[in-house]
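In structure tokens below, several structures.
Both of the next two complexes hold chain A, though its partner changes from chain B to chain C.
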Partner chain A sequence: MFIVNYIKEVLSAVRSLLVGLRRTGYYFTHHKEIITEQYPDNRDTLKMADRFKGEVVMPHDEKNEHRCTGCTACELACPNGTIKVITKFDISPEGKKKKAIDKLVYHLELCTMCNLCVVACPSDAIVMAQTFEHSVFDRASLTKILNNPDSKIMEGVE
Partner chain B sequence: MVEEIGNTTEGDLIINVGPQHPATHGVLHLIITLNGETIKKVEPHLGFIHRSIEKMCESLSYRQFIYVTSRMDYLSSHINNHACALTVEKGLQIEVPDRAKVIRILMDELTRIASHELWWGAMAMDLGAFTPFFHAFRERESINDIMEETCGARLTMNYIVPGGLMQDIHPNFQKRVKDFLSLYKSKIHEYDELITGNIIFQNRMKGVGYLSPEDAISFGVTGPAARGSGVSCDIRKLYPYDGYENLQFDEILETAGDSFARYMVRIREMQQSVRIIEQLIDNIPEGDFQTKTKAVLKLPKGEFYTRVETARGEFGVYIVSEGGTTPYRIKFRSPGFSNLSALDKMARGEKLGDLVAMMGTLDLVIPDIDR
Partner chain C sequence: MWSLSSISNAIHTWLNETFNPTWAMIFEMVIVGVCVIGLFAVLGLVLVIMERKVAAWIQIRLGPNRVGPKGMFQSMADTVKLLVKEGMTPNGVDKFLFNLAPLIAMIVAMLLMAPIAFAKDFVMWDLNIGVLYVTAVSSITVIGILMAGWASNNKYSLMGAMRSGAQIVSYELSAGLSILTIIVFTGSLNISDIVLSQANGWWIFKGHFPAIVSFVIFIIAVTAETNRAPFDLAEAESELTAGFHTEYSGMKFALFFLAEYINVFIVCAIGATLFLGGWMPFHIGNWEAFNHIMDYIPSGLWFFGKTFFLIFLIMWFRWTFPRLRIDQLLNLEWKYLLPISMFNLLLATALAILGWHF
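Right, the complex of A and B next:
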């Protein structure tokens, strides 16, 4: 009886191994299914998801105008001190003083892509871009100024 | 002989596993006292990945501290965010819209499946099988793609915030989750074929690393590790939150208490998560995804505690507020820390070669243990 049980055990053990090997054999012969990204060979066709949080950018229109009022809501919302808003006072033709941004400094090296600044912005001036290849040789080039030079605030954005 | 175990005597060998060891899943340092090949004592040393998250949270506002918690248990970041958001909502006494609640549970369960998938692959890899890792990552990849589309990140989401969700779900969300479920169901039999039924795997798991229910309770072990010993501790069943009370699912219990029981709990738990997702995915109510909250959140003076069930066990958030915009003190009760403390009890008297198998079934995530 002992011998019979022993042989049964050995056979079931061999069977369990064969079942696993059949599964690996299936994938060995059916290797058409590509499940990973063939990065970087597919860099030209690779499209990230629309909401992918790559870095913070400030979109400008064709007249080089942005929507940032300099309210510093993003600066206050940021947990790491990634954003620094430097404001100045524009003097309008009527002689009125108006607050505007001089520079919106963005430290990519500190950013954790938590999206809190984008949510906090009342005028939708900043959005998340889908870029992800951020490595550079010089650390200083990770500090970016988001507004273009000589850019102005869009008409009607308060 | 039994009395000798635990006391270092002459001729014992003390070896270090880690902190930089591929089988410890991170920077865990174990000091092991050996008598020949038998383990006499396992002493975990922590502190290699301590980032002082609890202290950091004290200087961040109630909106800002959520993102740090994704970095603790990075495999169940949604569930960590969920726990923190629940605690803040408890303090503010706000009610979250039904739509947000349902999406939160969907995200939690998807995260749980993804976490168990990774555990399954890594577990098999610890025992020397490399193929299952790729099979597990195939399914996990599709969950990550769903997360990327809706939350904008693959690992550190920061999606569940006080008051609801950060954004509404992506229009493709429901379709892609259904695609994932059909993919998952067509592949689930491979898990049993490759690993569960394998005789080498079973011999290495069965009867190894026994943890009695009494020990599990006294060490504070929670989650699948405790349910493998027959301790009922599923927070989703015992203290339901955000609508888990209306769902049909089973709490998985195994009574053997060995490594194989803990393994089976996780395998069967994935199917329960699929069951929960199937109940909810067609029934996401219409409405807002967020309640209106003030720009600056201020919790009233007092203490607030919430617990949720992560993929590893009970995760608790304890906030002491002085009435200001930042918490006075935050304490996270992480499941991994308590589970790791039971490793010594499990490993005593076992062989060194089985230690990795026992650690694998505890599903340790070191940044969660060492915040």
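Right, the complex of A and C next:
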């Protein structure tokens, strides 16, 4: 039965090769679904994927309020010291001291976009943005302060 | 059928009337040489852009699209780049062999052009053992490759060259046997005779099952012989950087690159001649009217159409199949292709003796 197995083997090999050829032949003849992004040309219509991680930002609402409590969980989670949380103490009207952020310093030039800070944040204060054109002439401008000036923590976020 | 022989005969008689026969001969040789070099340049440009476009379309990309209309001048720009680059000869190499190897690869490709019938009555050298000549000369390619690999004084180059040697030597057998199948049917090694024998139908249709099997084996074997993926172990970018031409740069590299494409063209031309009728238009048996209409398409167009179809087939293989390992490569040849083609040759001989082919 050697010869039968041999012929079967040859035929199955030919069939599997034809399956591959059919697939690539399909791609060759259906020349519409192009995956190439002609980047600088399609800059206006470019649509980034949701999962794309470009840089860490802190969203603010229209009242210039963010959700960051200054807990430094992101700073602790960051593997290469990209985030530095500088806290201050607000004095509430009742005279109680409350911890809040003064500045959340983010070094884009150190960031590896690992997303660990976003995962670690208990109050969802920081998210990954989809921007990717980060090149600048001055390295200092890569050090960003994520909270807007005079921004406050949102009501109800503890 | 319209043929180019009137033009060539006119040039021949004019040269013989104007000069003495020796000078006429030399002038004819010069004209042929210039034509071949021109064809080489054009083929190199066309095949490179074709390969890149086919690759891009198969991988759902766009391919080169910046230089010229739809990127059609990309290969010209690349050629200019290669021409102005420095042709380096590294320190440790065997200088003579290192510089000779690309020329050998190129000269072999040039020699192979000689017996190919490009159109009706349009052959450089209509010798009576054309097919034998092609199979014999094409094996000199391996000397150029081995020379390049050895002279480079580089492990990767040598490994690529050795692999290429093993590959070409073994795949020549099944390529030769599949060619023999057609020779058995035609009873002639002359390429013009082989083409003329297909006036009432191409061998792939006339030769029944054996012709189809030998066509498939021929295509596989020549893909291996020209060192193209999935048999590109000699270059194997991911393992050996570039195999035998790792150390080459500038125009010397370009000569290897060009020789590869010219070899692809030549083996496809041979395949088209043997199996698909060369310049012979598509004829069906005794359908006079149909055959007559087909004759209106120029024979050169038929030849190049068939050749480029086969080239496309080989490119399609390249961008579909993964590279074989060296043991798989030799298994495929010695355990599968060679026994099958031997048995196939036997079958074809029986068919030819019994006269069962059309």
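One rule holds in what follows: the second predicted complex is superposed on the first by the 123 of 158 C-alpha atoms of A that agree within 3 Å, B and C clash if a C-alpha of one lies under 4 Å from a C-alpha of the other, contacts with A are read in each partner's own complex, and residues count from 1 in each chain.
Definition applied: a residue touches a chain if its C-beta (ideal position, glycine included) is under 8 Å from a C-beta of that chain, and two chains touch if they have at least 3 such contacts.
Keep in mind it's a predicted model, so treat the numbers as computed, not measured.
Residue contacts after overlaying the shared chain place A:K152 against neither chain B nor chain C. Of the two partner chains, neither chain B nor chain C is touched by A:H107.
Applying the stated contact rule after C-alpha superposition, one finds that A:G25 touches chain C and leaves chain B untouched. Of the two partner chains, neither chain B nor chain C is touched by A:K144. In the superposition on chain A, contact of A:K84 is made with neither chain B nor chain C.
Comparing chain B with chain C, the partner in contact with more residues of chain A is B. Residue contacts after overlaying the shared chain place A:T36 against chain B and chain C alike. Look at A:N115: by the touch rule set out above, it reaches chain B but stays clear of chain C.
When the two structures are aligned on the shared chain, A:R51 is found in touch with chain B, with no touch to chain C. Shared contact residues of chain A, touching chain B in one structure and chain C in the other: 17, 20, 23-24, 35-36. Those residues of chain A whose C-beta lies close enough to touch chain B in the complex are 12-13, 16-17, 19-20, 22-24, 35-36, 48-53, 77-79, 112-116, 119, 128. By the touch rule above, chain B contacts chain A in their complex via residues 60, 63-65, 67-68, 131, 138, 141, 145, 148-153, 156, 158, 166-167, 170, 190, 193-195, 197-200, 202. Against chain C, in their complex, chain A makes its touches with residues 10, 17, 20-21, 23-25, 27-28, 31, 33-36, 38. Of all residues in chain C, those touching chain A in their complex are 54, 57-62, 316-317, 319-321, 336, 340.
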